[in-house]
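In what follows, chain A forms one complex with chain B and a second complex with chain C.
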Partner chain A sequence: MSTGTGGSTGGTGARRSRRARAFGLRTRLLLAFLLVAAVSAGTTAALTYREARNAVLQTAQDTAVTSFRDQVQQTAFALPVQGGDDLDALLRDIARRGKPHPWVVFAEYGSVRASSGENAESTVITPELRRAARADPHGSFERVVKDGVPYLTIAMPMVFKTGPYSLVPSGLVLYAVMRMTDEQVNVDALLMAARDGALPGLAVALIPGLIAARSVLRPVRELREAARSMGSGRLDTRIPVRGSDELADLAHTFNESAAQLDHSVRELRDAEARARRFASDVSHELRTPLAGMLAVTEVLDEDADHLDADTARAVRLVSAETGKLAVLVEDLMEISRFDARAAELNADEVDVAETIRKTLDNRHWTDTRIRTELPDGIRARLDPRRFDLVIANLVGNALRHGGAPVTVRLRTEASSEGRAVLVTEVTDSGPGIRPEALPHIFDRFYKADAARTRSAGSGLGLAITLENVKLHGGTIRAGNLPGSGAVFTVEIPLHAEEAGG
Partner chain B sequence: MSRVLLIEDDPSVREGVELGLRRRGHEVRAAATGEAGLAAMAEFRPDLLLLDLMLPGMNGVQVCRRVRERSQLPIIMLTARGDDFDVVIGLEAGADDYIVKPARTEVIEARIRAVLRRLDDGGAGRPDIEVHGELTIDRVGLTVAKAGRPLALAPSELKLLLHLSAAPEQVFSRQQLLEHVWDHSYHGDARLVDACVARLRGKIEDQVGSPRYVQTLRGFGYRFGPL
Partner chain C sequence: MRRARGRRGAAAFVAVPAAVALLGGCGIQETDVIEAGGPASFQAFLDRDYDMLLFFRSPDGGLSTVIRTTGSPSADTAGPVPTEKVVSALLAGPREEDRAAGLTTALPTLGRGDTVKVEPAANGRVTTHLPIALKPLDDTALRQLTCTIAYSQDADGQIVVELRGQDGTSRSGTCQLAPGGTSLPETGD
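Right, the complex of A and B next:
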């Protein structure tokens, strides 16, 4: 009951949830109900038991004491008392008339010991009783439990009545020892009755406990499911508000917060969509004039030779920059399509080594600057155009920013989930990537070399590469080799699910 | 050099492409609308149609269909990448190839030459006229007949059929077909092949659903037969 929410120190999630469940609200509510029921039933039973037990024992004991006193007073003893058969017979006579049960009578007088039973001296009578018997001439009694058997022991001193109010002890003390077995049985029955009454009471207390737990837990469960649903992106999740208790307030607050969150997220998304649409629109609009310009750059290049030097330089500049602008606009369009999730994967099952070789051949990267380790026979579902862009971009970057020789390595591996993945590695022999640049290397327009104001490419190459790899369901990472040189590792599932195709 | 009919509504693209191609020795007739382009066809008798997909009035796909109704003129679409839907529709309407704008003149010319090129390598050593089932393929006359009835095949369809039937039962990947039939790079758009196969099947197969002549080998590519 004092463990609180529990599990705050738990290790794994599973362990935490199990602990949370073990000391969850339901358990705690039930325990509280049981405790209250147990305390009330226990107290009632204990009080009843005590009163009834006292009543039973009191009756038996009063009867016994009174009866014994009468017996003793009616019996005449010859003083001084001598041990012997006469005394034993006298004692047996008293013993026979025991009420409510037969008792064993013992007599003690100085060193004389006699009894109605087999032993002359009782093992049940305690020194306290003997002391009390000498102190009180009217007799004393004591309840003793010996070897699990309850006894009532009564001490009755013989007295001489010297006046109406004065008594002189004669020195003879009679003791009666009576087994209280019947009374014990009655008391035990009482205890059983109290227990039998309390246990069903506890069981019955579980029912309101369960009902109360349910009434609290249902809104809590609804809240949990709603929160989970919100977390997974369904921001229009609301919970029904029932009644007007604290839980209803909570549900109401949840709904209000959800509505506000929904509103904010929608505004953000709208703003983002507008920004993306703007980028896409701009690239679209740029493309049409570029199409006209790009078609005539050759005319400019060819005729530049016949122009005067300044005009020729200007014309060549326009021609060259038109080409770069076309690449930039094309890359912007590509990024816009990824952002708008309009990029399609036209996957085909291909021989990967052949695909990479074609990429290198098409760009005339066939000299000694490029080394390849491309085992034959690896087939994978890839979008050949996109995979070509990935490899071309990585090799192009390695040649431009790293240094020859550049190595392209291909292999298959089992991923941590046991699925086969295609691993393509492009390493260069340059100085590597600065550690502080590594986390941003796939960012748009990120310049790893701050001194270079404009990269040779559009600045979007690695960002597009990342998107193309992700579209294949794969991952890409950049790092440095222990010696020198950068390494880019592309991992793509060998057999992506058909949805991509 | 070839006679190129260019249908393009944007003046700068129209002028730029016309200028670039003319510089390379092609005879170019430019039209701003599909209607004007169709009107010029009979009189200009082009070797090839360069067709923008986004046209005011009658759009490029409609022009493409209209042209295919009566002739097997090679058609290259001009498109912007990202207008993927239009590309597929255009290819289904019967276009032989497409070019993504903006493009350099050398790229446009390379595509024109590829589409106009006669396929002459595949059939070496094979008889001029072959009969495969109901199909009669004349490699010299470049005609195909089914059960004696001549079929009107667009240039890309004819080249694909000649290439596949030159090596019956051999499987060609879509990348290989892009290289050999379209002169595209290995990494070109495989939808070109799929669209062309679909059109070809529509003309030569009895049941397009279970093709007999051009068969698909899932995960590998296409093959001719076995019949």
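Right, the complex of A and C next:
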């Protein structure tokens, strides 16, 4: 029962710790460092990139607009502008000298459309740019992305001088369209550089993250190990106190608490040991006078017939009670040996059926009150004396408190862990054990029947049986049969590797 | 614990779109139309002694300038081409080469016999008597007339033009074509 509970709590604990590990301190610290590094590196890289990109584009645009204006200002046009090969050649000439890259030049005047390229009208120039150029005689440009290719489109309304101070718009508008492929390459290179700068930053940020996580996690791990070690009984466990931070404080407090706990537990153990030694000493001290008393009461018992009736009854009572007292003292001493862990298992390879038969024969339980189902040939490593006590106690209890017939069954089966176990069942045909008594049936001095306070047993029989079975590394269960009658089941490993404690 | 985790989740929810927004503006983006300096002036080889400056209508509704040469300097006076002649040329409508460039006029075409009378300019103001009715003329037509007369009278076009029509209607104004040019008030210097 107790091992089952322990196992299940251990299971949930392990599950909890594993789930915590997935989002544990180390992960959280690393994530925090990464987040900070990512935000700072990302922001810096993004801002730098944007400034550099804008500068690259600004330079290209300014160069293009200025050089376009310079080029067209050196050109002569007749008004009205006549479309045709001459105009195309003129535009091609302007286009060739384009800076920073060659551009395609378009001319629009009235309904005349001409260009230095193949198409007379551009598909890139937007209506907004046209409207701006016509409405207001100002140079203007617009960046257009078409099919993923960025273009710079410049509109230049043409004016000419009529007098010293005045310029007249001619109605002619020249457009230049320039692919910004080089700029795009430069901008992409900038982006690459920003990314290549930011990513190693993130990788470098992992190192302080790992160091910080380690500095926190190592004390935590030590603390956990120490706590586990203490839980398994090593109360002298202490952890090294390093530095003077909060974790060192924690370690210090842990050590202090461990010392106090160690002290308290040692005191408790000492007290318990003293109590046990006292019980053991008492039973030892009682044994010698009891031996003398037994000898005397035996003599008195034999002579009781010659005494008068009242005296004879008193003498027999004294004799019987002295016998019970002797049994009680023997049982107490046996229990004391178990408590002092002085009980030893003298295991021997025996035929189990044979051993049980011998037990029953020795107690003269050979009549019809006892039924046996003892298959031959089952061999196990047992302490014959202790196994004899177990069987004798169970059968004796069954005869005393249950009802005949009492059945002793022997079999082997595989336990839940897959090990072969020897199963011995003792069932009686009595009224069974009261359910409320079942959990306490193996307790010392527990009387299942409150009315029967003065039974033949010492009250220690089942407790000693339990200790003997435990010494074999086995278990014992008490229960009731479906019909009526109690059943005691003893399970002992057939091949106990370590049958002690 | 749970609330702390929720706050951390919220922080991540803020940080991720911010990073996406920062990195989102990658590459070369489109822009609006951005003004960049003044217009470009080119060589038009305008000689006011030989050439007339006429304003016709573009297909888009604006005015387009045409330089038309008279072939020889004006015979009678050593000076610019007389305004009467310029206005007559304007009223005669676009020639073939003008029409080839898609230019039209908003003015009615005038016969040979009708004459234009221009009073001498005074006080930055010139009055022109036209042999057409002014009332049915639209805005483009009036601008054609005003600008043609203004630039004929003054190299910089800075003069108030008063038009008197055959129907007794009169209009006055300045040609507001020049980039950054300010129109003169009615009672100019």
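The rule is short, and it goes like this: the second predicted complex is superposed on the first by the 437 of 501 C-alpha atoms of A that agree within 3 Å, B and C clash if a C-alpha of one lies under 4 Å from a C-alpha of the other, contacts with A are read in each partner's own complex, and residues count from 1 in each chain.
One rule holds in what follows: contacts are C-beta pairs under 8 Å (C-beta built on N, C-alpha and C of every residue); 3 or more make two chains touch, one makes a residue touch a chain.
Predicted model only: the values in this text are computed from it and were never measured.
One of chain B and chain C touches more residues of chain A, and that partner is C. Of the two partner chains placed by superposition, A:Pro435 touches none, neither chain B nor chain C. In the overlay built on the shared chain, the residue A:Gly377 is in contact with neither chain B nor chain C. Within the superposed three-chain model, A:Pro482 lies out of touch with both chain B and chain C [touch as defined at top].
In the superposition on chain A, A:Lys161 contacts chain C only, with no contact to chain B. In the superposed model, A:His138 lies in contact with chain C only, and not with chain B. Contacts of A:Pro169 after superposition: chain C is touched, whereas chain B is not reached. Those residues of chain C lying in contact with chain A across their complex are 11-12, 15, 19, 22-23, 25-46, 48, 53, 58-60, 62-67, 97-98, 100-103, 151, 154-158, 177-179, 181.
Of all the residues in chain B, the ones that touch chain A in their complex are 10, 12-17, 19-20, 23, 80-82, 84, 101-106, 108, 173-175, 185-191, 219-220. Interface residues of chain A facing chain B in the complex, by the touch rule stated above, are 284, 287-299, 302, 323, 326, 329-330, 333-334, 336-337, 342, 344, 346, 348-350, 354-355, 358-359, 362, 384-385, 387-388.
Contact residues of chain A toward chain C in the complex are 35, 38-39, 42-43, 46, 50, 53, 57, 61-62, 65-66, 68-69, 72-83, 109-112, 126, 128-129, 132, 134, 136-145, 150, 154, 156-172, 174, 180, 183-184, 187-188, 191.
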